[in-house]
Amino acid sequence: MIKTAVLHAAGYVGRSLLDAILAHPDLELVLATSRSFSGQPIASAHPTLAGRTKLSFVTSLDDGPQPDLVFVAAGHGQGAAAVAALRGAGFGGLVVDMSADFRLPDAQTYVQRYGKEHPRPDLLAGAWYGMPEITGPPPAGTKLIANPGCFATAISLALYPFSTEGAPAVGTFSVTAMTGASGSGALPKPTTHFPDRDGNMRAYKVFSHQHEAEIDRMAPGVSYQFVPISGPWTAGIWGTAQGVLSTGVGAKEIEELFEACYSDQPFIRLWPGSLPELRWSVGSPFTDLGWIVQDDRLVLGFGIDNLMKGAASQAIQNANLALGWDITRGLIP
Amino acid sequence: MIKTAVLHAAGYVGRSLLDAILAHPDLELVLATSRSFSGQPIASAHPTLAGRTKLSFVTSLDDGPQPDLVFVAAGHGQGAAAVAALRGAGFGGLVVDMSADFRLPDAQTYVQRYGKEHPRPDLLAGAWYGMPEITGPPPAGTKLIANPGCFATAISLALYPFSTEGAPAVGTFSVTAMTGASGSGALPKPTTHFPDRDGNMRAYKVFSHQHEAEIDRMAPGVSYQFVPISGPWTAGIWGTAQGVLSTGVGAKEIEELFEACYSDQPFIRLWPGSLPELRWSVGSPFTDLGWIVQDDRLVLGFGIDNLMKGAASQAIQNANLALGWDITRGLIP
Amino acid sequence: MIKTAVLHAAGYVGRSLLDAILAHPDLELVLATSRSFSGQPIASAHPTLAGRTKLSFVTSLDDGPQPDLVFVAAGHGQGAAAVAALRGAGFGGLVVDMSADFRLPDAQTYVQRYGKEHPRPDLLAGAWYGMPEITGPPPAGTKLIANPGCFATAISLALYPFSTEGAPAVGTFSVTAMTGASGSGALPKPTTHFPDRDGNMRAYKVFSHQHEAEIDRMAPGVSYQFVPISGPWTAGIWGTAQGVLSTGVGAKEIEELFEACYSDQPFIRLWPGSLPELRWSVGSPFTDLGWIVQDDRLVLGFGIDNLMKGAASQAIQNANLALGWDITRGLIP
Amino acid sequence: MIKTAVLHAAGYVGRSLLDAILAHPDLELVLATSRSFSGQPIASAHPTLAGRTKLSFVTSLDDGPQPDLVFVAAGHGQGAAAVAALRGAGFGGLVVDMSADFRLPDAQTYVQRYGKEHPRPDLLAGAWYGMPEITGPPPAGTKLIANPGCFATAISLALYPFSTEGAPAVGTFSVTAMTGASGSGALPKPTTHFPDRDGNMRAYKVFSHQHEAEIDRMAPGVSYQFVPISGPWTAGIWGTAQGVLSTGVGAKEIEELFEACYSDQPFIRLWPGSLPELRWSVGSPFTDLGWIVQDDRLVLGFGIDNLMKGAASQAIQNANLALGWDITRGLIP
């Protein structure tokens, strides 16, 4: 059993990680931190986890057994500080960071996308950006894994095949992707105020979402424009990418392209000739990808659970691979 | 045309009032105030009202034409201050206050229910609590009307018949009443955070909701216990009141009781032998009341739109009556 | 007062029409038909209309006062039969048909889009397709108006400006448009089954929605591909149309284009530099249109209430114009 | 590994059972039947299960490996026929029936509650009604387990303590319990039509729900009246039971009562002094029970997932016990 800790575990990403760790046969949850809930049972922040653990939140890593593996579920800009503190305290084991802080390859891109200086550019070089179906497993010796963003995961997995050698050319993809309100975190915001979200659709950060930098890493050379949208549901990301195909490319070529990229991936489900529905992947670690071709028109459809494949289950995939285990361990199936 | 102003008009109650005034053939909206939106078009806070008025918010009553009628849509504790300021500025016309500040008959009850001193007890004596189907029209010369609370309106209208002379005795009513998220106002709160409200039900202020003081005024002598609940919808209050009937009382007696109280009321719809559904009254000024009797078991059902009969349309009813007009004027039907 | 009837009035379009007629100062509802509800009060099918009319449904036009104006709210394929029956019975007044049966200019297009023969091609020649902001008022003497489809209305109003003379060229618009469940009508269907619609998004009729034929009429020459989507809400259509601009075209040109087309239209609200939200138009007769331009990227956003501008309020606009009245009469504002 | 089959597996209860079996370390799914989907992959009816099994639906038990354990997920009235057919075909192993057909102790009660003759009264004697926290494990040799109804489970677990010896007396409980739309099954119905369920609350079968017969078995002697309600969500049952306490009974006595009944139960979570929220148990096998006492007023709150504790996870609990395993096997925790 690998002793496992979650830092800043009182939010939604923290909850999903705690849930996944408690269900994993080879991970043992030994510690969870939260400043607001320190000293209180985990169920005080996460009533859904009542009956599954007797642990209480603590303030820091010193307040419990020394872990082998640490997940950091802090907000953007705070992940780097937490990782730096871990290293400063002498923790030398594997860290999976859920924030955006180590996702971009260099400090300049970070400034462009997040509008502020990177808090610890010195740590960037040692970080591995892990989207397993594209990047594969981390190199031996990896000690810091940056877990991808939720929109970035869904859109990258949809567009990545078009960045592979010999892929059919598509002009510019028009991407619309919609997220549930849990993507905004556990703290109330105007954009998650029920009367303004229920029965509503709202575009935001049009053509300028910060996850584009990650998509550019995972699907280099693919042209797209992206309209992010807030939708009236809690869990899941769903969207479409429309494009115009070159002459001679049809449904058969698209299917071959996706099969070549993903047929061996246990967490990717392909739906040729149709678009998956949002609910199919909600609550699961799967990514659903489908497509429809008609004459020169192409539309891709994609769906993930933003807190699973878009956060916790992808983090478990990454940890499994770093630990030399099968990618599916502790995850259904 | 009666020149009409709305103070503190940037919230949901303000929006419903502005909407109702713009639709009223004999009221002319001349002024709306908001500290946050001062100088900006009304549509900046209320996009649904774009295309219906060219007014912009101003800071105070001095920034526009002198009104004949003022609605005050400030929060609880601020209504009294706003009314006091109006009087201090010399405004002598009719004021309808939407806050809780003038709903209770004396300052002591206010302290008990709201846990703080009443800001202006000297103004209480002049206030008329107006729930027209129970209280009738305000006395001639009334200059300050306290508009009832939303839960108070729904539950009082359901229980009031049992406080009338000769009404059948029912032991203690078990009331459950559920409100949509717009009842919490326009500012985000933990209880209106979409991921925690969507698909959820949550009881709060069990047996101690402050609206009980209003119900006690409108249905004196009726015994009840009240469990307030937050529901996963935006608009509307819905609930049930269960009780046990005395021997010899059946469906016929209950129907006669409600008919005697409400058959002449244009905004009360009776549904003998069934319970109304929540959506029936949403978006309308109606109150739906129904009941089912089986042997000695009784259940009443009630529904209102919390921003209409629970706020704006009841305020228009009150203003219509104070102005000597028909209660339905400007309201459908 | 114009005596007005609604045929096949027990569905959602019927309900919205009855509501609009009851609120119209110059229309008098004299008759409503329904086979299923014949003999029962209108509130038996539409509890929201209780307290607003004492009429009961009847079986046919012969069962009440002779109307001057008839709205036909039958389903697709049944509208033509109902209109034919009206004419056969000698009714010579104005008919507004809500079905798809008279929306297409010729019987061949109808076969292509609806997969069956047109039931009464002889009646097509006399029908006027009325989308007032594009088509203007019907010619004098018009006796049959085809009211547009809901998706067709929203998308046509967004794309129409690009079909006008001198409009900037945009390659192919990628349109995604999403509808609430009320667009599927009042009868339960698998696609409106709550557990499969709640928290879900589902594409359907991809690249082949029948409303494309109407869009082709209203925005001729504009290239687009359209992905229709079912969303988890009751009322409203919302969507985006993305395109790539030619060199030299920017936000200023797009604004001028939309201003030139719509600045005089009381029911069109323009939102330059932003995309409207879905809820802004829900419950209202307005169409919201916005846009964002960044470099050569363009996205249009559009929103309507599918039962108002997408059905009943547009029908009232059409009737107002045919009767020589102001387009806004009986509609807010 | 116990070879396991699910009959009539294309509905929601079937889906939850398949999911639970696929996640159970000691159960092996070998067969699933469906008339409508026979020959098609399980994912054709249940896309959420894509990637988790390669099985296709078959028509009958003869079309696959002989199972050791069979779950029957047929509708009410069809469960008995399916069980009879199983026995007729010589299957002698354990059957867990999800329908209502074997839940009542005798054929007369069945007629009263379901309004029709019991299809196979001869099989009733051999059936064990299993609500493990109340009934304990089935007797050795049990071959047929009737799995309880969803409302029956939630309300029985809340009221059962008051039927135990020495429990405080409460007059008549007023129960309101609300269910999500998945409780109505996978086939569209007027009551699950999205536009009529979204943002709506609707009471039905007031004082006459068929699950009362099960509650009467599990909480004999407890007086209650029950208002069932349809709520605007997909998963979960939530409700309250209000009562008036005798003199001398307070929060301490209620807590002792619930602790005495349930403190050893791994799937019951007690929340003294508060009412649980609906979402806490959704997606889990837990039952949440809480209470608030103020003077002589008592309210109990309860929540379960109707497809888990109200169906599939309770069935797994029952099967685990019948197989001599720990009640939690294959279920979190």
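By written order: A, B, C and D. Residues from 1 in each chain.
Just so we're on the same page, a residue touches a chain if its C-beta (ideal position, glycine included) is under 8 Å from a C-beta of that chain, and two chains touch if they have at least 3 such contacts.
Note that this is a predicted model, so its numbers are computed, not measured.
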Taking each chain's C-alpha mean as its centre, the one farthest from subunit C: D
Pair exhibiting more inter-chain C-beta contacts, A-C or A-D: A-C
Inter-chain centre distance, subunit A versus subunit C - centres from mean C-alpha coordinates, in Å: 40
Distance between chain centroids, defined by C-alpha means - subunit C, subunit D (Å): 45
Averaged-CA centre spacing for the pair subunit D and subunit A, given as whole angstrom: 35
Set of subunit B residues in contact with two or more other chains: 180, 198-199, 232-234, 277, 279
Contact set on subunit D toward subunit B in their complex: 171-172, 174, 176, 178, 180, 196, 198-203, 206-208, 225, 227, 231-236, 238, 240, 242-244, 275, 277-279, 282, 292, 294, 297, 299, 301
Of subunit A, residues touching subunit D in the complex: 22-23, 47-48, 50-52, 198-199, 266-267, 269, 276-277, 279-281, 283-284, 286, 332-333
Of all residues in subunit B, those that touch subunit A in their complex: 12, 180-182, 186-190, 192-195, 197-199, 232-234
